[in-house]
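Here it is, the structure in full.
All chains are identified by letter, namely A, B, C, D, E and F, in their written order; residue positions are counted from 1 within each chain.
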Amino acid sequence: MNSGDTAFVLACAALVLLMTPGLALFYGGMVRSKNILNTLMQTYIIIALVGVQWAVFGYSLAFGPDTGAGLIGNLSYFGLQGVGPEPFATYSETIPHQAFMVFQAMFAIITPALIVGAWVERFKFSTFLVFILLWATLVYDPVAHWVWGDGGWLKDFGALDFAGGTVVHINAGIAAFAAALIIGRRQGYGSEAMIPHNLPMTVLGAGILWFGWFGFNAGSALAADGLATIAFVNTHFATCGAALGWMAVEWLVRGKPTMLGVASGAVAGLVAITPAAGFVGPMSAIIIGVLAGVFCYLAVLAKPKMGYDDSLDVVGVHMVGGIWGALATGLFASKAVNDAGADGLFFGNPALLGIQVVAVLVTMVYSFVISLILFKVLDATMGLRVESEEEVAGLDISAHQETGYSL
Amino acid sequence: MKKIEAIIQPFKLEPVKEALHKLSVQGMTVTEVKGFGRQKGIREVYRGMEYQVDFLPKVKIEVVVPEEKAESITKAIIEHARTGRIGDGKIFVYPVAEVIRIRTGETGDGAV
Amino acid sequence: MKKIEAIIQPFKLEPVKEALHKLSVQGMTVTEVKGFGRQKGIREVYRGMEYQVDFLPKVKIEVVVPEEKAESITKAIIEHARTGRIGDGKIFVYPVAEVIRIRTGETGDGAV
Amino acid sequence: MKKIEAIIQPFKLEPVKEALHKLSVQGMTVTEVKGFGRQKGIREVYRGMEYQVDFLPKVKIEVVVPEEKAESITKAIIEHARTGRIGDGKIFVYPVAEVIRIRTGETGDGAV
Amino acid sequence: MNSGDTAFVLACAALVLLMTPGLALFYGGMVRSKNILNTLMQTYIIIALVGVQWAVFGYSLAFGPDTGAGLIGNLSYFGLQGVGPEPFATYSETIPHQAFMVFQAMFAIITPALIVGAWVERFKFSTFLVFILLWATLVYDPVAHWVWGDGGWLKDFGALDFAGGTVVHINAGIAAFAAALIIGRRQGYGSEAMIPHNLPMTVLGAGILWFGWFGFNAGSALAADGLATIAFVNTHFATCGAALGWMAVEWLVRGKPTMLGVASGAVAGLVAITPAAGFVGPMSAIIIGVLAGVFCYLAVLAKPKMGYDDSLDVVGVHMVGGIWGALATGLFASKAVNDAGADGLFFGNPALLGIQVVAVLVTMVYSFVISLILFKVLDATMGLRVESEEEVAGLDISAHQETGYSL
Amino acid sequence: MNSGDTAFVLACAALVLLMTPGLALFYGGMVRSKNILNTLMQTYIIIALVGVQWAVFGYSLAFGPDTGAGLIGNLSYFGLQGVGPEPFATYSETIPHQAFMVFQAMFAIITPALIVGAWVERFKFSTFLVFILLWATLVYDPVAHWVWGDGGWLKDFGALDFAGGTVVHINAGIAAFAAALIIGRRQGYGSEAMIPHNLPMTVLGAGILWFGWFGFNAGSALAADGLATIAFVNTHFATCGAALGWMAVEWLVRGKPTMLGVASGAVAGLVAITPAAGFVGPMSAIIIGVLAGVFCYLAVLAKPKMGYDDSLDVVGVHMVGGIWGALATGLFASKAVNDAGADGLFFGNPALLGIQVVAVLVTMVYSFVISLILFKVLDATMGLRVESEEEVAGLDISAHQETGYSL
């Protein structure tokens, strides 16, 4: 056991936890003020709900001993039995097994929280709780097992995903797409102005996400070493690049740079560098970032034309950014940076790109299909949307009998 | 000249504005107000303390118009602000003594 | 007594207040309102979605004054609120039936 | 019909509302306004820069009532809004030409 | 000296410092907007005031060499003399003595800041300053010495308090109770609506508290090791449980789950797990958390019936949560988790529960009596409350000539 | 390489990154609501812009091998070539070179961001971008090289600047002075009330700055050791002292203590202790802090009389606080605390004070002259100010077509 590594991973776990309250602000600022508390509430209660799920059985499904086919872990860690303060060499020799487990808990929490942005301002709270519990169990846990779990089939297949581009962002992004399709548009979408009620809140959220993401990406090295440093550095510079990229393309297309654009661009960059963070050099990171800003902006521009109402652009930012990041890993990865990784297309190895494409497609199909089924079943049983008047009055009052502000 | 003052549900502002615009009303002034009336208030709960909030958000539209247009405008407001549920609001009409456009100094019908 | 109601540009509040103060107007009431008029609205853009905001921030000044002062006050408002650009606003004058000072119960001219 | 408009201290809203409710006033509309008057303003200080804020928060209550009720209501407002200190505010009464309930189209006394 | 441990404890000290600004937001959002700055001001100035007090003599009283009876430290560390960059083995062999001292400074700061919630919106600022200085000196420093100081009598008595359930939460909670009794209710309490002016601010505060509390509890291990990890893990899962517990019981009792409830529940869970964090297993932590949510919600519900105006429920959350946590430690502690601890009732040792009860009662009586005396003396000399008109106008204007918002 | 040191420096880098979003809030709360987004935008885009500049050539200019005269680094680290995950002993033997580089990146970012406070509410956004890029390159990078770079002339000269009092605060403060002089006052300055639109935002910003500054100062030790602890402790206590100092003198002068004063005082203390953090004892730190609060308050009081409009008092807080801190280092530094430092005047060595004065003056003259030239050139070419109507309408709408709040 190494105290430096342990200190680092615990600090990173705290940083990743903070990302979810940061995300709550990022999302919360973009909704109308009548729905601010419901938006925050969904994000916060996911911490609690998925937190307990993880301790009871989620960790075991994702990181427990493989059941055989590389698809899921077994229940031998049920209730965290056997997950103690000693290191578990399979995942890391230098930190307590519990430290690894709780670091991963934060990932399991933020992933479903990302989806929230697609359905805010209309999703029924009780149904939401059931959906999250099922999705965490049936989608997140298996996919995490495939990519990161001991014996997971995608890991063995050679896909590179340093800190969760596939498991976290593509996974959540495509579920958000399913959500937007099935739950439908907000009343007045397209005709009424749906203006962010508090952009400084969104901007603060983006700042906290940036800060916390260092824990997400660098912490994924599971040690305070050169690799963690590489991931940290790439995270920073890709994000810088993406904020500039989004700003530049928006300036060109619309004539003005916007604060929401810069904040969104930063998040797009954080998303895109996630899978690549430990495999690429810093100049590659900047390029990945700049292009993430450009691609995600264009995706967001395209949304209104497509007709679905993904309220806060989870698809445009997390799915598109995540896909770009996974592919970019296949392009820019270099063994000169990390010899535990692989070379990408630009370093002479086209095979990696193919592997990345497969990993992306498999995750997208799996997550989309299961999400769709869950939504359909819940629609038929509990109902997905609040009543029309409740939506008009706002979910803060109708679902929680509270109001956000009384200034 | 008359001033027509309508207290309506906030989400009816857009349709009412559109309707008046179609009647070639060129200007109006809108204020966020709180209304107390037959419509029952909202119950809010904070840490188990319950509060009855009697004042509900409403929007007040004020439009000053030539006498002869008053009726058609009033009708249009009624039509577009009505939901049929308690709390739809009221229209009040007041006499106006004078109207001036600050920019030009014009008065009377030409000023609105 | 008359009520003079002026809808003006927000940044003109200070000079208008000063002007009225010089005319020894002792009190006035101010409301933040949103105006719709000939002045064109603002275009806002959020993640590529464009919204036209038609209602612009304006300030409404209400001052109740003795009949004989109404004209000089109206003039002062026009003078100090005018920029000459569209959107300068309007002045409306209304009849007042009664005025009471709550503190003293005084009525009429002495109450304002 | 008359419109009674009272500019009062914000913390007097509750008691005035209660009082009017007891007089079986069924509705009223309330606006947050800023008042300028004899009451002296607030001094605020930010990093050593001092600002005199002349406009103080007040609440405007508007209630439209049948002629015959106007006096008792005015009295009730005075009674419940008075503290006896400068800044208690004013009551203005205006003529009303017409009243309509949007929900039903009722007019006149039945509409308020 | 160990760089990993030092890195960890310094990072944790920074996290605990951040909790006080987090608390400021948590409290600030719940007051009316006319008192927001005064609420923030009280919280922030405590950082400064108790910070200086700690450096000059507070640390010496709490952690200086015992004067003999186990009641208080002597003044040999006056002005931090002899508290240097080398480790001081009595408290930790692996981190600088100053690191221990500054980590403890953050605890000394947040404890009185917790009390603020009881008296906001009416307490006279100058009297407040004097009270805080006296309370920190006469209540916090001795009680910290008893429980954590070398030679402190409660430490020797065998009471378990991992990170400050007794010293911090019960101590502050009962002082808050005294404050509410003596200072009296806010004008209009019970008749006027006193609605939180900015719940998103409160929610952000809760998020920051959660984040910072990892430093509070895990840092109390004073090393980046298995024990710190255990404390970290328990902190997280207890808090998750408590948010769910509060939400569930509120949903049952009132018909709707609320955001303020979830935020309050999370804080209740953080409070309750504090004394137990290094002594119990993760499933026990979840149970402790869920019940903390339930008990604190019921305590908060009971307040209006009791008639005192503890404005922001310091008693209901910190005192009740703290007592539950101390007792729960007596129930759920297990030597299998931490053999430097003890077994609790559920692990075959009823004696511990008795010890915990004594520790709780002693702290409560001492803190209550001294607080009461302080309030009485200050009432007679300086006066406790602002003038009635100042209270109506709001303390921002009347005490500070500022306004919070000008939007 | 040491994992504890690496963990520490990476965590500190994240903390320093967070300071810039904290600064955005600190500044943002003080402007009028019509300019909130533009203020945030300027701060955030600096992270991105200077971040990329640093990676491409800025780091090389500041920390690359000296070109010979001690004035600037050469371009051998262009594009971060040769800056890898192994330690580079010249700067630190125990952490990756990239970790040092990215920690320094955060300093390069926040320095120009500090200047923003001088010109908010009127500076043209496109000109602003160009200015920042030039200033970072022509002012920050050289000055950083002089003081911290290998072979930098001020370093060899013996000036003490632990964490950047000269490089960061004086440097930015004097540039802010140039900005205020050339850009001119805001319309209505002196006649209209320019009241902070959201002081709780400013207060939160101050809290985040305090938190992040631990990374700034303690991280400058580049190791998790006794020296880092000393810097951490001094940072905390100086800040406590400064908050009290500002409050006390404001209370005396104006009759009331203010929240904005306490927040400003805290920042003044953080600034002043920055150069001294690793060289003085904790009681000296308190004195430095208290006097920083007093001096900066008086400087801020004097501004209106001087007639220039440094909107958010960058001069009064950062320049004055920075100068005081640099001189205080010459007074209070002690080899007993850090024998790699020097003794100050109060410890028998008047020479140090002279050296500090020279370092301060050189930085001020250089930064002022270059800043002035840049402003003059940009004024003549691109124009410095927005149009008068744009300023009246607010920069959020006119420069970004967004509004901050829609509550």
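Simple rule for what comes next: contacts are C-beta pairs under 8 Å (C-beta built on N, C-alpha and C of every residue); 3 or more make two chains touch, one makes a residue touch a chain.
What you are looking at is a predicted structure, and each value in this text was computed from that prediction instead of being measured.
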{"item": "Partner chains shared by subunit D and subunit F (touch criterion as defined above)", "value": "C, E"}
{"item": "Distance between the centres, which are taken as Cα means, of subunit C and subunit A, whole angstrom", "value": "51"}
{"item": "Approximate Å spacing (C-alpha centroids) for the pair subunit B, subunit D", "value": "18"}
{"item": "Of all residues in subunit A, the ones touching two or more other chains", "value": "2-5, 7-8, 11, 195-196, 198, 254, 256, 258, 260, 401-403, 405, 407"}
{"item": "For subunit B, residues contacting two or more additional chains", "value": "31, 44-46, 94-95"}
{"item": "Interchain contacts, given as pairs of chains that touch", "value": "A-B, A-C, A-E, A-F, B-C, B-D, B-E, C-D, C-F, D-E, D-F, E-F"}
{"item": "Subunit D partner contacts - residues on subunit E that touch it in the complex", "value": "191-192, 392, 397, 401-403"}
{"item": "Subunit C residues touching subunit F - in the complex, by the definition given at the top", "value": "11, 14, 42-46"}
{"item": "Interface residues, subunit D side, partner subunit C - complex", "value": "2, 6-8, 31-38, 54-55, 58, 60, 74, 77-78, 81-95"}
{"item": "Interface residues, subunit F side, partner subunit E - complex", "value": "2-5, 7-8, 11, 15, 32-33, 94, 195-200, 203-204, 206-208, 210-211, 214-215, 218, 223-230, 232-233, 236-237, 239-241, 243-244, 247, 254, 256-260, 262-263, 266, 281-283, 286, 405, 407"}
{"item": "Complex interface listing, subunit C residues touching subunit D", "value": "3, 17, 26-31, 64, 94-103, 105, 111-112"}
